Each structure stands twice: as C-alpha cells, then as structure tokens.
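The next part holds the structures, each set out as structure tokens.
Below, chain A partners chain B and then partners chain C, in two separate complexes.
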Partner chain A sequence: MSEYIIKNGHVFDPVQGIKGDKKDIAVKDGKIVESVGSGAKVIDASGKTVMAGALEIHAHVAGPKVNAGRWYRPEDKHFDSHKKPGITRIEGGKSIPTVFKTGYEYARMGFTFAMEAAMPPLYARHVHEEIHDTPIIDEAALPVFGNNWFILEYLKNQEIENTAAYIAWVLRQTKGYGVKVVNPGGTEAWAWGLNCLTIHDPVPYFEITPAEIVTGLMAANEYLGLPHSMHIHQNDLGNPGNYKTTIDTLKLAEGVKPKNNFGREQVMHSTHIQFHSYKGTNWGDFESGAKEVMEYVNRQKNLTIDTGNVTLDETTTMTADGPFEHHLHGLNHLKWINVDVELETAAGVVPFIYDPDNAVFASQWAVGLEIPLYAKDPMRCFITTDHPNAGPFTRYPRVYAWLMSQKYRNERLNTFKKADKVIGATNLSGLDREITLYELAQMTRAGPARALGLMKDYGGLKPGMNADIAIYNINPDKFPSDGLAIEKAFANVACLFKDGKICVQEGKIADMGHKKTFWVDAKVKENKQVAHDIKEKFLRYYSINENNYSVPESYAPHQHIISVDATQ
Partner chain B sequence: MPKDVTDVICPFCGTLCDDLIVTVSDDNKTILGVKNACAIGAEKFNHQRLPGRVTRPRMRQADGTFKEVSYDEAIDWTAKMLVKSRKTLMYGWASTSCQAMSIGHEIAEKVGGIVDNCATVCHGSSLIAIEDVGVPSCTLGEVKNRADRVIFWGCNPAHAHPRHMSRYSIFPRGFFTVKGHKGRKIYCVDCRYTDTAKCADEFIQVQQGYDYELLNAFRTAARGEALPDTVGGVPKEKIIEIVEDLKQARFGIIFFGMGLTHSMGRNHNIDIAINLTRDMNDFTKFAIMAMRGHWNVTGSGQVLGWQYGFPYAVDLSRRDQARHQTGETTSVDLLNRSEVEACFYIATDPGAHFPVDAMISSSRKPTVTIDPHIQCTTEISDLHIPVAMVGVETGGCAYRMDNVPIETRKVVEPPEGMLTDEQLLTRINHRVDELLAKGGA
Partner chain C sequence: MNTVTLTVKNAPELFLECENVNTDAFAGKKADQIAKLGAFQGKEITTLGDYFTITGEAGATAADTKIVINGDCTKMKYIGAKMTAGEVVVNSACDMYTGSWMKGGKLVVNGDVHSFCGLAMAGGEFTINGNAGNYLGAAYRGDWRGMSGGVLRVKGNAGSDVATFMTGGEMIIEGNVDIHLGTHMEGGKIILKGNANRRVGGQLVKGEIYVFGSINVMMPGYKPVRDVELEVDGTKAKFTEYLGDLGERHPKRKGETVYGHLYMKQ
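For the complex of A and B:
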C-alpha cells in the first residue's frame, strides 16, 4: 500500500489534544504511523483543516423501513438524482438516498463510519444486503430489543443472565452491533393499537413497564461488556411536555457503572434528544425543555446523547416507534406505512415537511441547536439529524454552520415568519456560544468513537489508528465569517482517506475503498433455558424456521468482528 | 444413502414456505422426494430431473430451428446485443436471486436498459397505490399470532398460495390465537365462489367490477354515514353488520390479489382498500397485505428500491438518471409502442403472461431469454440460455410477500457445466465492459 504524508495542515485531534497546531500526519498500510520514508506521496494541507474521519452514531440508512421510504416516495427523486461524472453509479433521492448515494455523500462530507440505528432482527438479511451495497464507509447495525417477546418475558422476572444470553444469540444471528431500544414497551402495545407514553405504563399482556425494560437491558448490556451502551429512543417522542419522561428515563442510569474493555464511559446513549426536550401542554404553548434536559445530562457522566437537529427540510420520517408514526400521520395526513414485525418490533414511515413558517417546527429547529450549545462536555454530545427524521444527513454542513456561527443562526431565527413566537418559546436567542473546530471534532469524531467502543481505531489521528482522515478547505486562522462558506467547506472534503486510501478528492469520488461491516460476537456460558426458548418460539410463533433466521457470511464479505467474553 | 435436506425454501410463490424437506440422492445430483410442499412447489423440484432438460445455450438458425452453442458464444452474442441496442427491455427477475439482480442492474446501467419485473403485470397497481397513500401492514407471523378477523378480497390462496392459509392466515394457532381457525372470523369477498370462499365463515359476492364501490361503502359504514340499499350487489344491512364486526376485531387483516389489482379501478381499488385499513386503525388494529405471487418479485422491487429508489419499471436508458413512470417505462407499454430495440428476459415467462400484441412486438426484436426451462418466451427468442434453478440448484436471497428476506438453499448440483444466473450475468457484465472499452459492439 502507498505511503502518504499530509503536510502543514491545521490538525484538530481530541485524542491527542491537538487544537489546530500545524502537524504532519503520516500514513502507511492503512494506518496512521509516526513517520514514513522519503518516497511517501506528499499531500499539501497548508491552510486546511485536518481531522479524523467522522462517525455517524445514529442514522436510518439501510433496511426495510428505509427502503419502504425510498420506493413509496418517487417524488423524493425529483431532487439531486443524477449520476456524477467519474466512477460512481447513478445517485438518487434527497431525504432517503439510494445506497450508492448514501455512501458517496457521507464520504464527500468526511465520514468513514455510519451506524444503522434500528435493525429488526427478522429483517437483518435485508439490512445487510443494503450495507453490502453501500460503498466506501464502514457500517454496523443495531438490532432492536425494547419490544422483543423474549426480552419482555425474561425481564418481567429480572432474568439478566438469560436476557444477556439471548442478546448474544441475536447479535450473532443478525451480525448486529449492540442493544437498541425504541419506545420500550410502546411498540409491543402498538400491535394492539395502543402505546406506553410514560416509563411506568404497563405493556399489555406482558405486565412489565418501560422502566423495567430499560433498567434490565442496561444491566444485560454491561453484563456482556459490549463495546456500545444501550442506545435508546425514549417513550413519548415528539410530544409537548415530554421532557419530564425524558429525565425520568435518564435517571434510570443513576448508579449504573460501565463495564467494558473499550474505554466506553456511558451506560445509556439517549438518541435524538431534541425530540424529547419539549415543555408545554399542547402545540399552542409548546416550549423548549432543552435547558432542563441538558442540565441533567451535564451532571451525569455515564450518559451520552445525540441531538437530532431539525434542518427545516421536506423529509421522510421513519422509526420503530410505530404508534408515533400513526400519531404523526394523524397530524399531517400524509401517506403512512406501518409494518408490525412478529415477536420483535414494528416500524412506521410518514413524509414530513418542516415548514419554517410554522412556529412549532421553527422551535424544534431551535431546540436542536440549544442542546449542543448547552452541552458542557462535547465528548458526550454528538451531532445527528436522526437521518432522515429531523432532516437528511446531507445537511450536516448546515447544522455545523449554525452551531459555529451565531450570526448565521440568528439570521435564520430572526427571519422566521413567526420569529417572535419562536424566540419566546425557546432560549436560542440568548445563547452566544459558537462551537469551535476542536469541539466539532469531539462531537463528530472522538466522542462518538468512544461511545461506540471504537476509540482504539477511530475518531483520532494518533499513530496506530486507522488512516481515516478528512481534510477540509478551512483555514482556522481565517475562519469564514459567512455561514454559507462554512457549509460549502464541510460539504466537500478537499481529501478523504479511508484506511489509507484516497477515496474522495476535491469533493469527487476517487475510489470505492474497502468497506467493512462491523458486528459483535459476545461469548456467554451455555444457556439451555435460552436455547430451549428460542427453539420453542421458532417452532410455535415465528413464521420462518430457526435455521433460516441467521445472516449468512456472504452478506458481509468484509466483516470486522469485535469479540467480547462474558463467560468469566 | 439418500439424504434429507431440511429447512428448504420453496422456489414457487410469494409465500416462501421454508420448512420443506427434500430427499436427494447420494451423489447430490437427483431429487428423490419432497415433503411439506404444496403440489405446485413439489413440481418445481420435480422439474429438476425431467428428461429432455436443456443444458446448453440454444441459438436460433436462419431456418428457425435451434442449434446448441457454447456459453462463451451465448455470452458474446448477448453482450453485443446489449451494447448495440440503445434501449433494451430487461424484464423478469422474479425467479432469480437478489444477488443476481444486482449484477443485472449494473449491466443495465452501462447499456441503458429498462429494468422491469413481474409487478408490471401483477401488483404494479398495488405499488402505485402505495406510492399514493402508503400501506399499514405487518409480517405474516403477526397474522398467525394475533389476527382474529381475516378478509380475502379478490384473491384465491387455495389455488395461488396453497399453504398460505395453513401456515399464516386461517388455521395456525399462534401466541394470542390459541384456538386457531375457531378463534378467527374469515371473510372472502369475490365475484366468484372460489375454493378460498369455501374456507371462509362468510362469503360476500360482489358484483363484478364493483369492488371500489363496495370498499367505499365499508368506509362509509365505518363512519356511520348513510348507504344506499345495496352496493355492488351487497345489501346495506350486510355491509353494516360486517363493518361493526370488524370494529370488534383485536387485530384484522385484509389480503388482496389480482381480483382487485386487475379489475375495474385497478390502483384505485387498492388505494381505497388501504384507506379502509387506515380508517379501521381509528377503532382497532388493522393491516393489509398484497398477495405477491411470483416467488421473488418482491425482492426485485427491494433491490431496485435501494439502488434506484423505485420498485419496478426503472428506466436507465439515460444512463445518468433513473426514471419510473407507469405507462411510459412499463414493459407492456414499451413493447406495444415498439420503443425498445432489444429484449432481455430473465427468470420469468412474459410469453405466457403478456398481452399477445406486446409479444408480437417483442418477437420482432433481437431477444435473449435466460431461464432453466423451455417455455413460451424461449420459443420466440433468438437465444435461450439455460441456467441452474435458483432455490434448487443454487442459493441466493429471496423476499417473501411481507418483504421478509430468506436466503434460499441449494439442494442438488446443477447439470454438469451449467452456469448459475450470477455466474452468467457476471460474465456478460465483463464482456460488456470489454466491448464498451473497445468503443462498442
């Protein structure tokens, strides 16, 4: 493999604490190294910003509901759907891009890893088929557990060991990465058309509460010592007044200690917390609850969050929170897809237009920006758009620009049609913080890498780490005062290295890289009870045979397996 | 010693039964028996050993007869046809694997093909309706475990999906449905008294062509609005009685088929059936599902979906953009207007299913058909390339009617030297690359 030396760039690397100093980065055999020979190819990065490749911690980019969104929205292909010159395939879609476009667009923005946020185990083969076809970026997927019958039955009796053994089995069958929870209990209730809106609402028939599910799954996650923590989409998403339920859920992590060999410090990752930080009692008196939620998050070191920034676009919402999508369809009356998945979960899809003229949507935009601006520890707060729910991931450059320039975001805030109402209902106008390049590297690189248990290889530029490097046309000494210029720079990397290969050059795809699929193999003691229960459930309740459930090796030809041993 | 291969996935219909047991000979070459399959599914396996099976490509001669040619010759001829034609219809895909489709799409993108699948003459109208109004649905296991009201509308699984009723929809006992069929109320709505109707608790005979009106009446009744005395031949009292019963369901499901998609109103019939389902969710839990017929047609829609964003009739002839427009990029319309310069058929038999005029148009164009068997389309093709049977002689991914993917199993070896779809398409793809690098055919 070729050797490279990236010279004279302004390096931002939280792993080594480098804050924009000029430093050369050497690359050899796919890794960052101390030094390279004189024959190494020189990349001149003078006047540019150098960071590690970015990590997406939560996006819906592959699988059944994403694809349902694609093919039931032909209108989404009206925008930006062309093949670009060069080696790329045809690109299609705006809010739900095709797999080719997904890989290219992440790479063009400097990303090298993306986590598919919700994989229904029964549909794992579909998720992996799409991941297989997504070029360049490494990916992994989180199977959903919060409404799974096995889990509900085990946790009703507080059987943590059985829960853990079952999770380990599912991770192996589905080539999954960790424990995702979506509207715990509420989605099972939705199979009867019901929901759980607080953490104490009992789940019909199973007689367990969301609080018990969350507590039990956190315990099982730490019992296994998985690289990532339990990753939760909380109950009561998107409703005025939900910030209390949000804090109630976060409190469940109090006293729980992380136990893992990956340097992960949190026991709960609470995703798209923007959607969970609302005060008020209805859409009329709706207010931001970001301050209250972030005050709590800032105090609790064993929590991480991601934002879920509303980007004010037309998009396509999709979530395993089935009852929420039904509720949303009742609000906007746009076309509704629902799929209930036997024994496991559900999903819904509804297109959504975040019209900036609407005071609620504009306020949601403000809440999303308040969250990172209130965050005291950028290593625990990550930027997402919950793609495509709050907006497409391709809007990250704009979100960064809003966060990095008070002027830019105030221009937006003050020109809303209902600016007075939005300013009154939110705290954004009073926030003068501007996120720095170093903080951005924490929120998009080092932070998510640590939270995902990938800090050994990802999120930094220390010798020995993966040579995933993004070089941006940004001179920190002359940081652009114009928001649009910031956006432009983050939308198209000057250069992206993935595993030591140049995959993007001046925004143009140069190489398809060597994409890997990550999954976690957790070893547990032989568990006859769980083996029996699995056999029984497949025999009696599943619609496919146990032997046809697993994801074959061929679906992830370049797999990277992270092993954990919970037998001790 | 003959041996049993278990958990085999049936390669026939969209039900994708995955509990077949196939007995194969010691040398892995011959299928000796099939258990658990329906009559049609068993016949799929039995075809494998039928005498007279074509094992090498056949090229049409000037005198109209076929002559055996090598795979190399067949691949070269196909690649040249694809490169030369400015617009090629690449239709079928429903009996092959998703992996093979993926390679086919790569070829189509290079040569400017139009990729279409059997939905175009089947559930295409359902897909149009879903593009318009969405669809509340579920997996088949949900029906088995929860459904206590099941409606078959314009479909006849007793013949088309023979094990559907026993595996998922009428008879099985599930978690919340311990009484099996006794705990379910089954309705069948059709213009004919079908064998499925015989299994139903109640048969509602709708006047032919009045499905839309009857569905509309159901919605009206659900909202408590006034109805005329009869709708589509069904008395008002009956409609109200049924709707009130459906509201009592804990979990209801509508299965629909060609009787809705291809009768008067077409996509609008599906549209209103979906809207009825949506309305019912205001009272209880309700779902609706298309009875997808041809084995992996659902998979073709999925792969096209994640690669181009449309479920069928994907026009790549611009080479830099995917287009999808029913009536314009759909196979029958393209053939009727003679808009394509060549035809590439794979893993289905349009000769048996397309309107005669369309096939007359097709027969005048250079045509390649890739299929394990001699069928109607091979007989009007210039070139027939036989391949291994997917799900019998090679594995690969297929999607069930509820979009659940299952990796199928290889149970026996294909005839000596015979290529699989994946191998064949890979070689055609390489040959296309060579020709394009040289500047054309």
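For the complex of A and C:
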C-alpha cells in the first residue's frame, strides 16, 4: 500500500489535544504512523484544515423502513437523479437517498463511519444488504430492543442475566452492534391502542414501565460490557412539555457505572434530544426546554447526547416509534406507512415539511441549535439531524455553519416570518457562543468515537489509529465570515483518506474504498432458559423458522467483529 | 420577441429527455449554443444539435423567447417543462412530462400528448389541441401536490387520473375522460365538456368540478343540494349542485365545514 505525508495542514485532533497547529500526518498501510520514507506521496495541506474522518452516531440509512420511504416517495428522487460523470453510479433521492448516494455524500463531507440507528432484528438481512451496498464508509447497526417481547418478559422479573444472554444471542444472529431502545414500552402499548408518555405508564399485558425497561437494559448492557452504551429514543417524543419526561429518563442513569474495555464513559446515549426538549402545554404556548435539559446533561457525566437538528427542509420522518408517526400523519394528512415487525417493533414513515414560515418548526430549529451551544463538554454532545427525521444528513455543513457563525444563524432567526414569536419562545437570540473547529472535531470525531467504543481506531490522528482523514478547504487563520462559505467547505472535502486510500478529491469520488461492517460478538455463559424461550417463541409466535432468522456471513462479507467476554 | 425554430433532423432511437427544451434554458443563447445543450438518451448524454436543426436566436430572457418545434416529437419528453415565461409551440404530438412543473408563459401542442403532462403545473397557459393521456395535471407519482395554478386546456379527450391532487388553477377538457377525475382534489376548478366514466371527485376535500355531459357511475359520497344558473367557460346553463366527497375529511372555515362542489349540467 502506498505511503503518504500530509504536509503543513492545520491539524485539529482532540485525541492529542492539537488545536490547529501545523503538523505533518504520515500514512502507511492504512494507518497513521510516526514517519514515512522519502518516497511517500506528498499531499500539500497548507492553508487547510485537517481532521480525522467524522463519525455519524445516529442516522437511518439502511433497512426496511428506509426502503419503505424510498419506494413510497418516488417524488423524493425525481429531480437531479441523472448520472454524474466519473466512477459514481446514479445518485437518487434527497431525504432518502439510494445506498450509493448515501456513501458518496457522507464521504464528500468527510465522514468515514455511520451507525444505522434502528435495525429490526427480524429484518436484519435487509439492513445488511443495504449496508453492504453503501460504498466507502464503515457501518454498523443497532438492533431495537425496547418493545421486544423477550425483553419485556425478562425485565418484568428483573432477570438481567437472561436479558443479557438474549441480547448477546440477538447481536450474534443479526450482526448487530448494541442496544437501541425506541419509545420503550410505548410501541408495544400502541398495539393495544395506547402509548407510554411518561416513564411510569405501564405497558398493557406485560405490566412493566418504561423506567424498568430502561434501567434493565442499561444493566444488561454493562453486564455484557458492550462497546456502545444503551442508545435511547425516549418516550413522548415531539410533544410540548416533554422535557420533564426527558430529564426523568436521564436520571435513571444516576449511579450506574460504565463497565467496558473500550474507554467508553457513558451508560446512556440519549438521541435526537432536540425532539425531547420542549416546554409548554400545547403548540400555542410551546417553548424551548433546551436550557433545563442541558443543565442536567452538563452535570451528569455518564450521559452522552446527540442533537437532532431541524434543518427546515422537506424530508421524510421514519422511526420505530410507530404511534408517533401515526400521530404525525394526523397533523399533516400526508401519506403514512406502518411497518409492523412481529414480536419486536413497529416503524412508521410520513413525509414532513419543516416550513420556516411556521413558528413551531422555526422554534424546533432554534432548540436544535441551543443544545450544542449549551453543551459544556463537546465530548458528550454530538451533532446529528436524526437523518432523515429532522432533516437530511447532507445538511450537516449548514448546521455546522449555523453553530460556527452567530451572524449566520441570526440572519436566519431574524428573517423568519414569525421571528418575534420564535425569539420569544426560545433562548437562541441570547446565545453568542460560536463552536470552534476544535469543538467541532470533538462533537463529530473524538466524541462519537469514544461513545461508540471505537476510540482505539477512530476519531483521532494519533499514530496507530486508522488513516481516516478529512482535509477541508478552510484556513483557520482566515476563517470564513460568510456562512455560505463555511457550508461549501464542509460539503466537499479537499481530500478524504479512508484506511489510507484517497477516496474523495475536491468533492469528487476517486475510490470506493473497502468498507467494513462492524458487529459485536458477546460471549455469555450457556443459558438453557433463554435457549428454551427462543425455541418456544419461534415455534409459537414467529412467522419464520429460527434457522431462517440469522444473518449469514454472505450478507456481511467484509465484517469486523468486536468481541466481548461476559463469562467471567 | 425572438423566435428559435427547432426542426427534427434525426429521430432519437430511445426516448429523448428534452429537459433543456424550454424558454428558460434557451434565453440569451444563439443557435450554436442551443445546439450544445445536453439531452439524455437513456443513460447517454447527447446534445440537442444531434437531433434538431436549430435556426434563429433566443431573446435575452425567457419572456422574450419563442420556440417553435417542427417534426416528429412523439419520443420526446419534458418539452416546455418548468418554463416560467415566453412561448413554446410544438407542431407534433409529444411524449410524457410535456409542460410539467410549468410556472408561466404559454405552451401550445398541436397534437396529442402522452401521460403525465402538465404535472404540478403552477402557472401559465398550456393548450393541447389533441388528446391527452393519463395523469394530466396530476401530482408526480407519490407526490401530493398536483396542479396549483394556470390554465390547462385540452381540445380532445383525456385519460384516467386527470387532475389528481389538484389544489388550484383551472383545467378545461373539451372531450371525455376515463375514471378518477379530480381524486384527492383540494382546490381549483375542472370543467369537463364531455362525459366521465366513474369515480369523479373521489376523496375530494375542496374545489369545483363542472360536468357538461354525464357521469357513468356517480360516487356515493355526493349529495345534490340545489339547482343553480351558471356561466361556465362561455356557456350559460342550469346545473345541479352536489356537495362532496362526504366520505373525506373537510376543513372548517369560520365555524363552517368547507365541502367540495360538483355541478352537473341539466
């Protein structure tokens, strides 16, 4: 493999604490090394910003509900889907792009890893087929557990060991990465025409509360010592007044200690927290609750969050929170799909237009920006758009620009049709913080890498780490004052290295790389009870045979397995 | 106004995507520059000059530009699509998406058009001096935003699913239509001079449909309420007014429920 030396770039690397100093980065055999020989190819990065490849911690980019969105929204890809010159294939879709476009666009923005945020175990094969076809970026997927019948039954009796054994079995069957929880209990309750809007609303029949599910899954996650923590989409998403439920859920992590060999420090990752930070009692008196939520998050060190920034675009909402999507359809009357997954989960899809003229959507936009601006520790607060729910991931450059330039976001804030109402309902106009390039590297590189348990190889530029490197056309000494210039620079990397190979050059895809699928193999003691329960459930309830459930290796041919041992 | 004349010299082997055949793309260009504009044939990028002899030059803006197209355009899509001003006259039949997403100006087709023409039209005048296919003035597949403005006139017949998801503007069909006229309509006006087959105004929320001929089978969600004397597209006549579709949701305005209206000429 060829050697490279990236010379004279302004390096931002939270792992080594480098804050824009000029430093040369040497690359050899897919890794960052101390030095290379004189024959190494020189990449001139003078006047440019050098960071590690970015990591996406939460996006819906592969699997049955993403595909349901694709096939029931042909209008999303009608325009601009012609083939571009070069080695790329046709790129279709805006909010629900094709797998090819997904890979290309992440790479063009400097990303090298993405986590698919909700994998229904029964449809894991489909998720892996799409992951396999997504070029360049490494990926993993989180199976959903929060409404799974096995989990509800075990946790009702507080059987942590059985829960952990079942999780380990599912991770192995589905080639999954960790424990995702969506509207714990609520999606199952919906099958009974109900929902769980606080953490103490019992799930019918199972007689268990969301609080018990969350506590139990955190315990099981740490029992196994998984690289990532429990990853939760909380109850009561998107409703005014939900910030209390949000803080109640976060409080469940108090006193829980992380136990793992990956350097991960949190026990709960609370995702798209923008949607969970609302005060008020209805959409008329709706206010931002970001300050209250972030005050708690800043204090409680064993939590991480991601933002879920509303980008004010037409997009497609999709979540394993089936009841919420049905509720959304009642609000906007646009087409609705529900993808029910027997025994396990139920996802919904509804197109959505975040119209900037609407005071509620403009306020949601403001709440999303307040969250990272209130964050005291950028290593625990990550930027997402909950793609495609709050906006397409291709809008990250714009979100970064809003966060990095007060002038740019105030231009947007002050020109809303209902600017007075939005300014009154939110705190954004009073925030003068501007996220720095170093903080951005923490929020998009080192932070998510640590939270995902990948800090050994990802998120930094230390010798020994993966040579995943993004070089941007940004000179920190002459940082652009124009928001559009910031956007442009982050939308198209000057150069992207993936595993030591140049995959993107000046925004053009140069190589498809060798993407890998990450999954976690957790070893547990033999558990006859769980083995019996699995057999019984497949015989009695599942529509398929147990032997057809697992994801064969052919579905994920380029796998990278992380092993954990919970037998001790 | 300057006129550009396009004459077909080579018929495309596959279908030609004429996304650049409109006054906006031509504005400010001379014949040789227009000849270099791209056009997809399948996955191959070709140029307009490969298929057309081009004479004349365009005006400085779309509004100052007139395009006349002669020759066989039955395998050409997107003619006049997305145009905002000016004039396009096609002396041939055209394929799909003709005049779709049109925002302004005048488009005349002296022939038939295929399906999906005038999709989501938002303004301007689109006249078809022949017959139209299915999904005329409807929303794009999957979309919920159909024709929202402008005037679309068909001298002949139209097919099925005409004016689906229409939200505004006016459509006049001088001949007959097949099934599903004005499905999901939420505003605008349809005048049908001929007959309709079945399911006229299914799931209609708001808007007006005038039918001069007959409807083969009436939707059950329509209720006759009164007789009215009206002048519709230059014809004075007595109509029976129906409210509907009663099976669909209807918004409230000033405390009153807003229904759609169907007028049948007596």
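Rule of thumb we're sticking to: the second predicted complex is superposed on the first by the 566 of 568 C-alpha atoms of A that agree within 3 Å, B and C clash if a C-alpha of one lies under 4 Å from a C-alpha of the other, contacts with A are read in each partner's own complex, and residues count from 1 in each chain.
Note that in this section contacts are C-beta pairs under 8 Å (C-beta built on N, C-alpha and C of every residue); 3 or more make two chains touch, one makes a residue touch a chain.
What you are looking at is a predicted structure, and each value in this text was computed from that prediction instead of being measured.
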*chain C versus chain B, contacts on chain A by residue*: B
*Figure out whether A:Arg89 sits in contact with chain B (first) or chain C (second), or with both, or with neither.*
first
*Looking at the overlay, what does A:Asn547 touch: chain B (first), chain C (second), both, or neither?*
first
*Between chain B (first) and chain C (second), which does A:Pro64 come into contact with in this model arrangement: first, second, both, or neither?*
first
*Where does A:Ile337 make contact in the superposed view: on chain B (first), on chain C (second), on both, or on neither?*
first
*What is the contact status of A:Val349 with respect to chain B (first) and chain C (second): first, second, both, or neither?*
first
*asked:* One more residue to check, A:Pro74. First (chain B), second (chain C), both or neither?
replied: both
*Using the superposition described at the top, list the residues of chain A that contact chain B and also contact chain C.*
72-74, 76, 82-83, 334-335
*Quick one: in the complex, what on chain B touches chain A?*
6-7, 9, 18-19, 98, 102, 106, 109, 127, 130-142, 144-146, 167-168, 173-176, 250-251, 278, 281, 284-285, 287, 301-311, 316, 319-322, 324, 397, 399, 402-407
*Going by the contact rule at the top, pick out the chain A residues touching chain C in the complex.*
72-76, 78, 82-83, 333-335, 351
*For chain A, which residues count as touching chain B in their complex?*
62, 64, 66-68, 70-74, 76-77, 81-83, 89-90, 92-93, 96, 98-100, 122-123, 125-126, 129-130, 133, 149, 190-193, 205, 326, 329, 334-343, 346, 349-350, 540-545, 547-548, 552, 555
*Once bound in the complex, which stretches of chain C touch chain A?*
40, 43, 139-144, 249
